[in-house]
Each structure stands twice: as C-alpha cells, then as structure tokens.
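What follows is a set of structures to go through.
In what follows, subunit A forms one complex with subunit B and a second complex with subunit C.
Now for the complex of A and B:
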C-alpha cells in the first residue's frame, strides 16, 4: 500500500510541475505574437500618450518579468484577471463557453465510442476479411483527415439535406414563436449535431484499433472457447464475454482523449461558429486578450493533466503492478 | 482588417442591399445575374416578420467608441440618429435633420431636426443629445473618442439653442461636412454622460447593452447583441419618421461562406451578404433565390514600403522598379482566377462609386512582362547566376510579402503575383499573419516602417474621397499608413481639397493627388471586387444596393412579399 501512495504522490508532483511549466509557457507564448491589446484596438486616431495610458491600464507598460511575477501571483490566488476586451473577470468570460462546449464534446465522444466499438468488434470478429480491413482503414482515414476540412464536408453534404444549423448554439428566433422547453432542447441538440459528428468521425478510429486489439486478445481466451462449447450465440459471446473483458483499455483511452478533445475544439467551433471555449480562444488571439488566453489555456492544461492523472490512478486501481 | 474603418461599410452595404434588392442592379457597373427584375417590387407588401441575414463578417463592438467593423457601422446607422444620409441616387438627404443652412463664410452649419423622435426607452431625442455627443467627441477626440473624431474634423463647438436646432461651428470651411456627418452617430446623453469616467476612459469600456438592450433612436434598437451569434434589432416605436415594415432584423454571423450558404439553402436565412465568386454562377440558376451583382469599393492593393529610410531592399524605393512591378501585375488573370470574373481592373484608389473623384485619365497598366524586364535591364539590375536580379548594393530581389489572413482570395492573388514576378527575376515569399500582427509588421519597428518590403491587402473606400486620400498623409505614419509614404506636396494638396467648397476645383485637386500616387506608386492598385449576394424571393423592398451603413432607407423599406 505504501508503494501505492508513493506512486500517487509521484504522479501528483509530476502533474503540479507540468501545470507550472504550462502556466509559464502560457504567459510567454502569447506575448511573442506581434502587437498587443492597444494595437488590436486599432485606435489609429489615438495619440501616443493615450495608447501609453491604455498600456498602463492593461499593465503592459511594466517589464515582462514584472508582468510575469504579477501574473504568477494572481494565478496562485485564483485571480485570472479581467478580459482586456470586455473588462469582465476571466472566469465569467470562460464559464459560458465551457458550458456550451461540454455537452457538445460529450455527444461527440459518445458518437466516437459507439462507432469505435462497433467497428472494432466487427474488425475483430471478421478478422482478416474485407470487413476488418474496411473498418480499420476507414477509421484511420477519418483520423487522418484535417478536422476543419471534414467539418466543411459535413456542412456541404449533410447540413442542407438534413436541414441542420451550421452556426451558433441555438435558434435566436425561437423566442418569437413561444417555443416550449422541449423545442428549445431539440434545437440545441440540432445545433450540436454537426460539430459533435465531426469529433465523432475524427476520433472513432483510435477506438476501433483499441477495441479490435483487445477483442482479438479476448477472443483467444479459454473462456470464449468454453462459451462456444456451451452453445452460446455469437451475439452473447461478444456482448457478455469478449467485449466486456475488452473494455478496460477503452475506459483509459476515454479519459486520455477527453482532455485533448477539449483543446481540439478550436478548429471545429471556428468552422461551425459554435460559441464554446475553442471559438473564445480563437477570438481572443485576434484581440490579443492575454488574460482570457492565459485563463483558457491554463484551463485546458489542467484538464489534460487532470485526465492523465486520473488515467494513471485508474491504471493503479486496475493493475497494481504499475507501481513496480 | 486595418482597412475596415469607415469605408468598409460600403462593401457590406453593397453586398447586403444587393442581396435584397428586388430588381436589377441600379449600381454603376453592376448587373443582376439572375433576372428577378421587379418581381419582388411589384408584389404586395406584407407587414411584419423577421428578416434573417447571414454574414461572414461580425460586429466587433456595439460601442461606437470601440468598434470599426462593417456590421457595427450598419447597426449604428440603423439604431442611432444621424443628421443626414445618402439616398438611392447617392445624394445626401436629411435623416434626422429636416433642413440645414450654411453661413456665408462656410464655417457655421445650422440644422433643424425633427421634433417627434424618441429613444427606445421613451425619452425624447433633442438637439441637446447631438450637441452633447459632438462636444464629447471634441473633448476626447485624441483619446477614447478617436474613432468618431474624423467625422467632425475641424469643428470647434456644438450648440443646441433649442430642442430642434443644432449649430456646428468649424474653424475653416470644410468641403465634405455632410458626407462626414452621415457617419456621426448621435448618442443618448442620459445614457452616455454617466459613464464617461476619468479622462473619458469609460467611453472605451461602455457596454450599451448593460441595461438589457441598447437605447436606440433610429428605426431600430439592438435587442440582443451576440458578436459570435445572432444580433437582433427590433423596431423603435419612437422612430422619428415612417416606421419600417419588418418587426425585427437578425444578423447571424458565420465563420465561413459554405456554412452560411447551407443555412440559406435550408431556409434558416432569408439572405446572405456575401457570396464567394467561385460559387456565384452556380447559385445564379437557383429559382428560389436571386443573385445580384453590384459595384463596390473593395480594391485589392499591393503596398510597397516607401519610407526613404528603409534599411533593406532599397531597390524597392526605385521608381523604375515599381513601374516594372506594376506592369507585371496580371490584373485580368487575377480577376478571372481570384474573382471568377466578378471584378474590374483599377489604377487608382477609387472606384466608380466615388465618381467624379476617381481619376479616369490614369490608364490601367497593361500586363507586359517584356516591357517590365526591359525597364529593369535598362536600370542595370542584372540577373544573378540563379536568375534572381541583384541590386547595386548586392541585395537580391528576394522580397518578403506580408499577407494577412482572412482576406478572401488573397492567397491565390499572391501565387499569381509570384509566378508573374518570377519572370522578372524576382522572388517573393509570403509572410502570413493575422491582421493585427500584419499591421504591426508593416510598421515595424515601432512604427518606423524600416523592415517590411511589400504587402498584399485590400482597402474598402468611401464615396467621399477624403478618407482614402488621408491614408497616405505623413501624419498617418503610425496611424492608417501601410506604406510609410510621406510627401509634403501631397499633404498640402490634401489640406487644400479639404477646404475647397467648389466641387470642380476640389475634383481637380483630388485628381492631381491621384497623379502623384500614380507617379510615386506607394501602392500598386490591382482590382475592384464586385459585391455578390443572394436573397430569398420571399423578400423585397430594397432597391438600392449601396446604402447600408450609409442610410436608414434600405431597411425601412424591406418587406415580405405577399
């Protein structure tokens, strides 16, 4: 047990160090881009004195090391500052986009898992057949496609025929038709279908490979032979024995990929003009809104590290040998 | 993006109104691709409804002291009173002002304004609001109110002797008082005064939606504002003239034209403000929509660093080199490839919309690689072993071109340019940056314009020539200048045209300024991009395609067809 706690401690320390490095990188990266908030304001008619005053207001007149110390100090105290654009606290600027992004990511992840499990099972069960090759190569193909390109293809070929929205998170005109809660729910769902489908299609390939691999291993086990000898149907063998025993690596993969999906929504949300955390980051880059960018990337970093940490813990729980 | 201040309105206006104009284009040089002539106009007017417009540009701010995008200007034009506006013949007519007079010396302008207007919160709109706004901008014009200051340039005071009289005093006669005032948005004193703050800093941080909705005084007020989503403007019950037919107008932002067109096709939109030229011909055959093509003031340009103190690649300061480059811009191919034919070549900073100020005596440079090569050969710029020309100081003709992102077609334009100039023994490399970074790179270091070679960008001008002429002034270094150009002779003429009240004399000065540009070539002017838009045939009532952002007329008349 002591070895176990030591393992958890090491992983936690590693996570904290990673977060500190990420916090520092967040500070440096955005300041490397040419221009700052005062130039992004495009106040071409403003005097130099006024621009200097604005820089002072934003704290950009201080030296970079001074800004860094202030930034670290504030971050440690949980104060992420205020948006240069809206003057609102960063937390409140990010909260609504996060709430918008989360359900879309979850839907996308569910789509990818369902597709991945289905194709993975087919590939394993029909090993070395056309179905195997087709599903595996199909998954890899989607995984390799540029996300924004795939999103555009969905817009071009699905949005029109299925009459799905291609922008925003809700129909703004519903308020004029006194639509009920159910109609609003359906509308929200319709708005997230295409972005979520993009996530699902891009990611299902990795689930396909993992499921196929685990299933192949499981299908070679003695208990599968026993199940066959008992006269169970193929469906029962797959669902009640093989697949159930193949799920452990998938659970780990879900944790690992969730963090990356969170960060990877920038492209998807930009294409679909979906007002989530990805679009917020995209616009904040254009506005040189350092506090929002720092807050958003810190959040993404923490989510990824947290998910990795949880995956580590899960491994520890599932297989105590990892501590050795 | 730096070029989207005043004039950008025009392109958005062209596109949007063209989208809704239910007849053949009345624009100079424009023409309907799909003849829906008169169909929408002759149909019965159906009152009410929400007109849903899709756009790929977005309102950057609802605060007129901060925003500068086309959609922001359109919103302010619709929701704030302006003294004057353009009519369908591009002539200045009254908006909130019923009439105006000028003193004999041209320095004092007196406007009589309508008495019955109300802000959307029920408070009366009076001349005191206009005087307050004017004096506020005068006080903070070099600081937080700088975005509005150009529209009242040379004014010294605003007075409201009574509720319907506004007197504006200028320090000298100004040639373009009315076109400038067309963009001077009158703000509600009772809303703005409390938020001014120390040194006017509150103006930049003002959120006009903080009360739940904007307090508007035009035909509409902003009910909901979503920079990234849909902004809805609703009818202002206190509008000072005939109310619009529609109940509300929604502007939905899309990040790409494909998504927007899919929404139009799916019935989620009634109109789109911009159609990519590459898709226009395909849409022109759709019976449910009208595609309309119009003129615009959008011009692709190639700024060349004209700062005489430029450190590297000083061969670019040689007028012979610039002339050769101008001859090696294949404008026709750019129009065919980049604009799919929806454009015209240009030789100056003005399109026919600014007529008679566009200098039509300046010829479009022919595409002549042989002549361009001869100029460079005669100037002594020999080719090196690798075929790239070399300057007298050993500097290779290997230049970096700043290419901002998000300008439609600009990558293809660059490739055409690269191919053409390669035939001259010139190599160019694209430096792609977002608009803020691109503008910073042009002025680098620290707005001294020492580093950059060339750029490709666009300008969207305005009907009155003043603003476009101003971007080449010495005092715009560090401001709007994207060339580093400074010529006292040019500046003197600019000041002169600004106070010349006689239209013919002013035109002569403006033409002379374009001659100077044509001689010094701080810009290579490439092509005008036409506006292309589409709208559902269920809508009509907008007959004039150039006025959004310059007039309340278009959205006052838009309506559903019976």
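Now for the complex of A and C:
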C-alpha cells in the first residue's frame, strides 16, 4: 500500500508541476506576440500619453520578471484579465460557454463509447468474419475523416431529412412562448445531437479499433479457456472475463482523448455555430482577443492535466502493478 | 578509426544496396492493405508533382457561374468564385502534401534527435529530456496550435514548424525506448570498447538500426500533420496565399456552400483528405506492425498520443 501512496503522490506532484509549466508557457507564449496590449487595441488615433497610461495600467512598464510574478499572482487568484471585446472579466466570459459545451461533449463521448465497445467486441468475437472486416474498415474510415468536414456532411445529408436545427443552442422563440421545461429540454437536445454525433463518430473510429485489438488480446489468454471449460456462456465469458480485462486501455484512452476532444470541439462548434468554449476560442482568434484566448488555453490545459491525473489514479485502481 | 572501418564497409554494402527495392516489394506483397495504401499515395504524389501541368483550368481563373453545378466540362462543378473545383483539387494536393511531409519531417528530426540523445546517454540527460517531453505531451495540441498560429501569423512555414513542434513528443518517446534496446547490443558495446566516439556510434550503429521504425512513424505522422493542417486552415489560420484542401473546405463553409446546396464544393476536398490520411495510416500501421509487433495496442491512439507511457520493460538497465 505504501508503494501505492507514493505512486499517487508522484503523479499528483507531476500534475502540479505540469500546471505550473502550463501557466508559465501561457505567459511566455503571449509575451512573444508582436506588439503589446496597447498595440492590440488597434487605435491609430491614440496619443503617446494615452498609450503610456495604458501600459502603466496593465503593468507593462515593469520588468519582465516583475510582470511574471504579478501574472502568477493574478492567475492563482483566478483573475485572467478582461476581454478586449466585451470588457468583461475573462472568467465570466468563459463560464457560460463551458456550461454549454460540457453536456455536448458528454453526449458525444457516450455515443462513441457505446458504439465503439459494441462494434469492437463483436468484431473481436467474430474475428475474420464480414462483421470484423466491416468494423476495421469502418473504424479506419472514421478515423481518417476531418472532423469539420464530417460535421458539414452531417448538416448536408442528415439535418434536412431528420429535421434537425444546424445552428445555435436553442430556439430563440421558445423562450417567449412559455413552452415549458420539457419542450425546452427537447429543443436543447435537438440542437445538441448533431454536434455530439460528430464527436461520437470521430472518436468511434479510434475506440472501436482499440477495443477490438485489446479484446483480441484478452480472448487469447488462458483464463478464457478456463472459463469456457467451466461451461460459462459466451455472454458471461465476454462481459465477465474478456471485456473486464481489456477495460484498462479503453478506460485510459477515453480519459486521455480529452485533449483531442477539445480540439475537435473548436471545429465542431464553429461549424454548428454552437455557443460553447470552442466557438469562443474561434471568435477570440478572429477578434485578436488575447486575454480570452489565454484564459481558454489555460483552462483547457488545466482540465486536461487534471483528467490525466484522474486517469493515473484510475489506472492504479484497475492495475496496481503500475507502481512497480 | 580506420581499423574499425575496414571490415565494416564491405559487409554493409553487401547487405544493403541490392535489397532496398526488393524488400519494399516483398513488404507490399505480404501486406495487401499497405499495397492499396501505397498505390493511393503514389497517385496523389503524382498529382501533387505534375498536377499543375494537366489541371484543366487555372487556380484563380473564373470559368463559369458561382457554385456552378457539375457538368461534363466541370466534373466537380465550380466553387464560390466560379473556379473549377477539379483544378483546385489538383492544385491543392501539392500544398497539402508538402505541409504533411514537411511537418512530419520536422517532428521526426526534433523528436528523433531528442529520443536518440535521451536513450543513448541515459542517466540525467535522459531524465531531464523525458520529463520535458511528458509536459509537452499533456498540452492540448490543436488549442496550442491555435494560440501559436495566431501569435506567429499565418504562413505555410509557421504551420509546418508548429506541426513539427507539437508532434515531436511521441516520436521522442518511441525512439528513446528503441535506442535503449539497441545501445545494449553486442556490436555497440564492441565499438565502444574499440574507442569509437559517441557521434560515430550513433550515426554508424544506432541510427541504421532504428531507421525503419523512424520511417514508419514518419509516415504515420504525415497523416496527422495533414489532419492538423485542414483543422488549422478551417479556423482561418492557414496561409492565405495558397490553395490547400483544408482551405477549400474552409472557403466552402464560410461562403455558405451549404445554403446553396453545393455539395460538390465541400465533399471532394474532404474525400481527398480522408483518402490520403487513410492511405498513410494503412502503409504506416502495416510497416509499424511488421517492425515492432509489441506496439499493437498502443499504436492507434497516436492521434492524441495520450496513451499512458508504457514502462520500459523491454529496456534492460
């Protein structure tokens, strides 16, 4: 058990150091940007005095190490500055989009896990059959599709026939018509389903291939033979023995694909004009709204680092041998 | 030096030179999947090199109405500026493939160098380099790329450098674990005992051993680089002066090809990207599998490289 705690401790320390590095990288990256905040304001008419005043306000007249300390201090207190565009604090600019994005990502991940595990298990169980070949090629195909393109294709070919909305998060008229909570929920779901399906399909390709190969590995083990000799049904063999043992790579993969999901979210939300964190990033790139971009980058990185830490813990729970 | 050299050179030559092409052919024969991928790749490489000579129309030449429908003169229709889609697709192949190859090569050089140094020297160097790699591994790649691209500005060169800088980590890890194995082999020990310099051992003995794996990984990396290029172009951070497939998807989207129902402006570049990525993956995975069967489970998650770093069981201390 002591080895276990030292493992957890080491991973926690690693996560903390990584967060610190991400925070510092954030400072360095934006420091490398050409010009400073005053030139990003894009005001040709500003007088030198005004700019000087602004620099003093932002603390840009201090030395770089001093600025770094101030920056660290602010970041720890959750102060990411104010948006150039709306003049609102960055943290409140990011809060609502995050709340919009999370259910969508969750739905997409659930879709991909369910699809991926089902097809992967079937493919591994019926190895070298048509089902297996179809799964492998299908997986490879979805793995290769550009995310944004798949989203566009879904709009072109699915949105019409299924009568689904392709933009925004909710029907604006619904709020005026007092349609009730249920109708609003259904409306939200309708707006969410296509973006979530895109995430689901993009991840599905990868998940199904991983599930298949890790199931194949598990099915070749001796304990499967033992289970068969004990007279267990196929269902029991798959769920109790094979799938259980191949969960390790699958679970970690799901956790660790978060970085990719966030990347995909930017593309998908841009296509569907879905007001989440991805669209916020896209718009702040267009507006050169560096504080928001900076805040979003930091936020996502920290979330990913924490998820990685969680994956480490989970890994330890599933396979205590990692401490060796 | 020359004492070590003398018996080695003829051996090397006898072993290597006649078998290159033949080993490629036998590899393709053994892996039909790789053969299909290879043929697709050769087709697109051909188009990328010679395309501008047989493209029916110019890259910026308006030849018909906006979003003109596909016809016998324009099999893939026209885009939002009345430019022939087929010609655009042909011109785009070059830029897309260049970004893919160049980005992968940058990743290979940076990641390979760090992996070799780390694996070969071990100890403190190894520790420091691998910790750094670990930190870079957790950063969200597309988000980091957006940040860097929006700061550095939009140019092809920047995109290539960024792709390389984001993807060197995985390469470094993999190469390191291989180098650790190679380092312990008898002929490396022998060269060390004979007093060969580190540079010499690395270039003469280590790199030739890991070269096939390095190559297989680079092939897989190209697919990723193309994937990222389309993403970054789609977000409006691509080079504005050139045509790539990613940019074609972006233009079609931002000029509302969907409202026009102009599927021909969106579908072809995406299909081309998917075909190329698939082909690179088919060749790369087959090559990787035949070189290093141990990677079987982990190899598919390379799109985000977030699979847990495996403990170096194979590397003897």
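The definition used in the following text is that the second predicted complex is superposed on the first by the 242 of 324 C-alpha atoms of A that agree within 3 Å, B and C clash if a C-alpha of one lies under 4 Å from a C-alpha of the other, contacts with A are read in each partner's own complex, and residues count from 1 in each chain.
Here is the rule we go by: a residue touches a chain if its C-beta (ideal position, glycine included) is under 8 Å from a C-beta of that chain, and two chains touch if they have at least 3 such contacts.
The model shown is predicted, which means the values in this text are computed figures rather than measured ones.
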- Message: Just to be sure I read the superposition right, which of the two partners does A:168 touch: subunit B = first, subunit C = second, or both, or neither?
- Response: first
- Have a look at where A:156 lands relative to subunit B and subunit C in the superposition and call it first, second, both or neither. both
- Task: Would you check which partner chain A:65 touches, where first means subunit B only, second means subunit C only, and both and neither mean what they say?
- Result: neither
- Which holds for A:78: it touches subunit B only (first), subunit C only (second), both, or neither? neither
- Message: Contact-wise, after the overlay, does A:271 reach subunit B, subunit C, both or neither (first, second, both, neither)?
- Response: both
- Determine, under the contact definition given at the top, whether A:285 touches first (subunit B), second (subunit C), both, or neither. both
- Scan A:300 for contacts with subunit B and subunit C and give back first, second, both or neither. second
- Does subunit B (first) or subunit C (second) touch A:311, or do both, or does neither? second
- Query: Can A:57 be said to touch subunit B (first), subunit C (second), both, or neither?
  - Reply: first
- Note on the structure: subunit A contact check, subunit B vs subunit C, more residues touched by chain C
- Residues of subunit A at both interfaces, subunit B in one complex, subunit C in the other: 33-34, 152, 155-156, 166, 270-271, 285-286, 288
- Message: Under the stated contact criterion, what part of subunit B meets subunit A in this complex?
- Response: 1-2, 5, 50, 52, 54, 66, 68, 141-144, 146-147, 149-150, 199, 201, 204-205, 207, 224, 226-230, 232, 248, 250, 252-256, 258-260, 262-263, 265-268, 433-437, 439-441, 444, 476, 478-480
- Residues on subunit A engaged by subunit B in the complex (per definition of touch): 33-35, 39-50, 53-54, 57, 86-87, 152, 155-156, 159-160, 163-169, 171-173, 176, 270-273, 275, 279, 283, 285-286, 288
- Message: For a test of understanding, state which residues of subunit A touch subunit C in their complex under the given definition.
- Response: 14, 17-18, 21-22, 25, 29-30, 32-34, 140-141, 143-150, 152-153, 155-156, 166, 206, 209-210, 213-214, 217, 249, 252-253, 256-260, 262-264, 266-267, 270-271, 281-282, 285-286, 288, 293-294, 296-297, 300-301, 304-305, 308, 311-312, 315, 322, 324
- For subunit C, which residues count as touching subunit A in their complex? 134-135, 138-144, 146-148, 150-151, 153, 223, 227, 230-231, 234-237, 246, 249, 252-253, 258, 261, 263, 266-267, 269-270, 273-275, 277-278, 281-282, 296-298, 300-301, 303-304, 306-308, 311
